[in-house]
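Note that chain A is present in both complexes that follow, paired respectively with chain B and with chain C.
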Partner chain A sequence: MKTFWEKLGRAAIRIIEDSSDTIVFAGRVFVRIFQRKTYSSAMREVLVNQIYFTSVQILPVFIIVSVFFGSLLIGIVFTMLRDLGLTEFIGHVLMGLIVTELSPFLTVLLITLRSASAINTEMAVMKVNRELKTLETFRIDIVDYLLAPRVLNGIISIVLLSSLFSIVLLISGILFAKLIFGMNITVYTNIVLNSTHFSDIVLMLFKCAIYGFFITLIPIRFGLRASHELTSIPIAVSRGMVNVFAAIVIIEVLSLLIKLY
Partner chain B sequence: MREFSPQAAPVSVDVPLISNQDVYMNIAMIKEYHENMPRQEAERLAVHSLGRIGFEHIAYKRNPSLTFEERFGVMLLRAAMVKDAMILIHKPFELIPHLQDIQMITSMLETIDDLYVSCHIYDYKWMQEKYGEL
Partner chain C sequence: MTMSREYKVGLFISVTLFIIVITLLYLAISKGTFERIHTFTLSSRSGEGFTENMPVVFSGFNIGNVHTLELNKEGVVLIYIKVPDRHVKWIRSDSSFILYRPLIGSARIMVNTENLKSPPLDPRKIPEVLTVNDINDAIAKIEPVLDRVTEIAENIQVLTRNLSDPKGDFHRVLGNAEKITTNFASKKSLVEMAVSDPESVKALNESLKKLKDITYNIDRVLVKVDKMADKTDREIYGENGALPHLNIILKDIVTKLKKLDKTVDNINSISTDASEGMKDMHILRSDINDAVKSIDDVAKKLDAIIGSKKAPEFRVP
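Up next, the complex of A and B:
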């Protein structure tokens, strides 16, 4: 019995230590993002490259997925609203659920699968290959050169891609509103605009920024935890990705609580 | 007269190139980071420096696709980009294992001698014969 409590206590201490380490690390990176000296020419080049890899390269696939998945989602939701006789809530459902909740969530899932895993592996490989040591040797701060551009890219990319996803959803909404409700574009636009609250949009963008911050920071943190053994790469990546998904769920729950109160 | 405070700039197996960056970026990042040199200017300087040692064609390649000589050249140029560089070459024959003598390295160093303040080569005593009269 004692062993059980000991194990439980150790696990709890480890989780608390891990979480506090991550928060301290997040604080360090967050502060650097607001320091002018971080934005050297080298950092800006890495930032532009990162935005290209995360936001631009993914665009064709992202738009196809948005159109396909968005249309499916809108079609299902509109059909349900019609069947339940809740047509008057179409605007609230569209803005309150689909645009402000589902589009950031789906965007963050897509970007996590594609970019967060890549960042996690990249950091672990750099650690194993002693490339981080190279940067230190040449007096290049890894927070400025590697971490800040990636985290900033996460924030920018999630905000932009989530907005794009929302726009695609709203456009496909025009088509489905016509098909399902026989609603013309003017009526649809009025309903959407009347259901739009500025605070919801701000909260959505803020949530996207928080998502972007953590889905890049956590993979970086776990990537940097790799040892100098090749075998530590898959361990670092799997732990990092599990923690990223845990962070996504926590952020989603917290944002719902903020909305409720 | 300007006073130099040389900065150590190692060329060693223990200080590898960044493999997810192009060759030119490995060289240019030193100037971009420490001197805030604009990207285009740093890129031009890196490509021009590679051209001086006959490696201009590798500017947009990455570390895994380089030969031993090319990799050494890039590491040397990266070290030379450090302001007032004191280049420290550690066991050069480990970087280019098939090299018979130091000739190729000394000629590379002579070609870019305006880019660094001093250069020191460290190696085991038993490798002395490979260095000849140096």
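Up next, the complex of A and C:
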């Protein structure tokens, strides 16, 4: 019995310590992002490379996925609304659910699967290969050189790609509104405009930035926790990815709560 | 042309940002963010159903929204609505404002303007908002139905009470039904039960037997009549029957009549000719009559001459 309580207490302490470490770590990185000296030429080069790998390289695939997936999503939702006789709510559903909730969520899932896992592995491998130690030896600030560009890349990529996803969804909505409801572009635009609130858009962009921050920060954090053994790499990656998904769910829930109140 | 990594990233960020900015700008312009906003004040005795940001609708189109709600010193709820400049034309001095609370969906303030040429609504004027409540309307419609349902339920209760009452009508009917079935079981037939006299039943049975014989005989007669009718039918309408012969004869008569018709036509033309000849005969006759008259005149003259002279001499023409 005592062992159980000990285990429980140890787990709780570990979780609290981990969370507080992550928050402190996030605070350090966040502050560095706004410091001018962070943006050295080396950092800028890393940032450009990160944006290239995260956004530009996958752009064609991302657009194809957003067109197909977005059209499918809009088609299903519009058909359901028509069958339920809730045609007047298509604007609210389109803006309130699909554009401001689902498009950031799907974008962040895609980027997490592709880039967050890569960042996590990269950091773990660097730790195992003692590359981080080498950088420190040369007095290169890891936060400036490795962390800030990746986190900044996460913020920029998620905000831009998510906005692109939303615009693609809105455009495919024109086609589906015509096919399913026989609605012309003017009526569709009016409905969308009536249901659009700038506060929702601002909240969506803010949420995307938060997503971008955490889906790069958490893999970095867990990657840096790897030991100097090769076997620690998969452990660090799996733990990092689980935590990233947990963070995504927490952010989504928090954004919904903010929207409610 | 190979583009550098920096160029591609720069292009991606610029184009995406441009698209986002254009979209946001379009939204801002379409939603009237840069437009002049007019504020009107409405009043209501109750604030129930009103919420901030509630849409203000004209002919089904969103023309504004509720900005704030306020309770004044007199206990009247003041509703401040904001209407963009391009939609302010729909709000006139004779406009009426109705709070519409549908059964499904969010509530909205509906603007009805009778005359769009009437002067614009003065922002200092505070019109009252009327309330249309779908829920209350639905309840009002359901109430009579519920009354009827209650009535039916009461009737059903009365019926069930009667059914369960041992001295009630139902039990009495059941008792009578039992008596009838007992009678059915004891009597030989339903008729016996009805007339209560075995002799009459016997007489009725005999009559029925006779009636049966009579109907049998009638049946036989009818069969014979049927056969006769068959035979007659064959003789009249059969292949060698009278009717086909009559038909042939009639056809022959028709042919002959047609020929006769031609003959009559010929006679008619002959008689017409004869009639015309007769006209000529009349002329001839009148000529002859004239000639005879002339001869008669000559004779009379000759007689006169011969009578007056001794030696009559006359010159021959």
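Methods note: the second predicted complex is superposed on the first by the 261 of 261 C-alpha atoms of A that agree within 3 Å, B and C clash if a C-alpha of one lies under 4 Å from a C-alpha of the other, contacts with A are read in each partner's own complex, and residues count from 1 in each chain.
The rule is simple: contacts are C-beta pairs under 8 Å (C-beta built on N, C-alpha and C of every residue); 3 or more make two chains touch, one makes a residue touch a chain.
Keep in mind the model is a prediction, meaning the values are calculated, not measured.
Peer 1: Clash or fit: chain B and chain C on chain A?
Peer 2: Verdict on chain A: chain B and chain C fit.
Peer 1: Would you check which partner chain A:28 touches, where first means chain B only, second means chain C only, and both and neither mean what they say?
Peer 2: A:28: touches no partner chain.
Peer 1: On the A-aligned overlay, A:122 touches which partner chain: chain B = first, chain C = second, or both, or neither?
Peer 2: first
Peer 1: After lining up the shared chain so the two structures overlap, which partner does A:7 touch, if you call chain B first and chain C second: first, second, both or neither?
Peer 2: So A:7 meets neither chain B nor chain C here.
Peer 1: If we overlay the two complexes on their shared chain A, which of chain B and chain C does A:228 touch? Say first, second, both or neither.
Peer 2: neither
Peer 1: Could you tell me if A:82 is touching chain B, chain C, both of them or neither one (first, second, both, neither)?
Peer 2: Once the two structures are laid over each other on A, A:82 reaches no partner at all.
Peer 1: At the Cα centre of chain A, what angle separates the centres of chain B and chain C, to the nearest 10 degrees?
Peer 2: Placing chain A at the corner, the angle measures out to 150 degrees.
Peer 1: So, does A:42 touch the first partner chain B, the second partner chain C, both, or neither?
Peer 2: first
Peer 1: When the two structures are overlaid on chain A, which partner does A:139 contact: first (chain B), second (chain C), both, or neither?
Peer 2: In the superposition, A:139 contacts chain B only.
Peer 1: Taking the superposition as given, tell me the minimum C-alpha spacing from chain B to chain C, whole angstrom.
Peer 2: The answer is 10 Å, the least C-alpha separation in the overlay.
Peer 1: Residue overlap on chain A between the chain B contact set and the chain C contact set?
Peer 2: Residues common to the chain A contacts of chain C and of chain B do not exist here, since the sets are disjoint.
Peer 1: Which chain A residues qualify as touching chain B in the complex?
Peer 2: The touching residues are 40-45, 122, 125-126, 129-131, 133-135, 137-140, 144-145.
Peer 1: Which chain C residues qualify as touching chain A in the complex?
Peer 2: 5-6, 8-9, 12-13, 16-17, 19-20, 23-24, 27-28, 30-31, 33, 55, 61-62, 105
Peer 1: For chain A, which residues count as touching chain C in their complex?
Peer 2: Listed in rising order, the residues are 48-49, 51-52, 55-56, 59, 88-89, 156, 160, 163-164, 167, 189-190, 193-194, 196, 198, 201.
Peer 1: Which residues of chain B touch chain A once you look at their complex with the stated criterion?
Peer 2: 9-10, 14-20, 25, 28-30, 32-34, 36-39, 42, 78, 82
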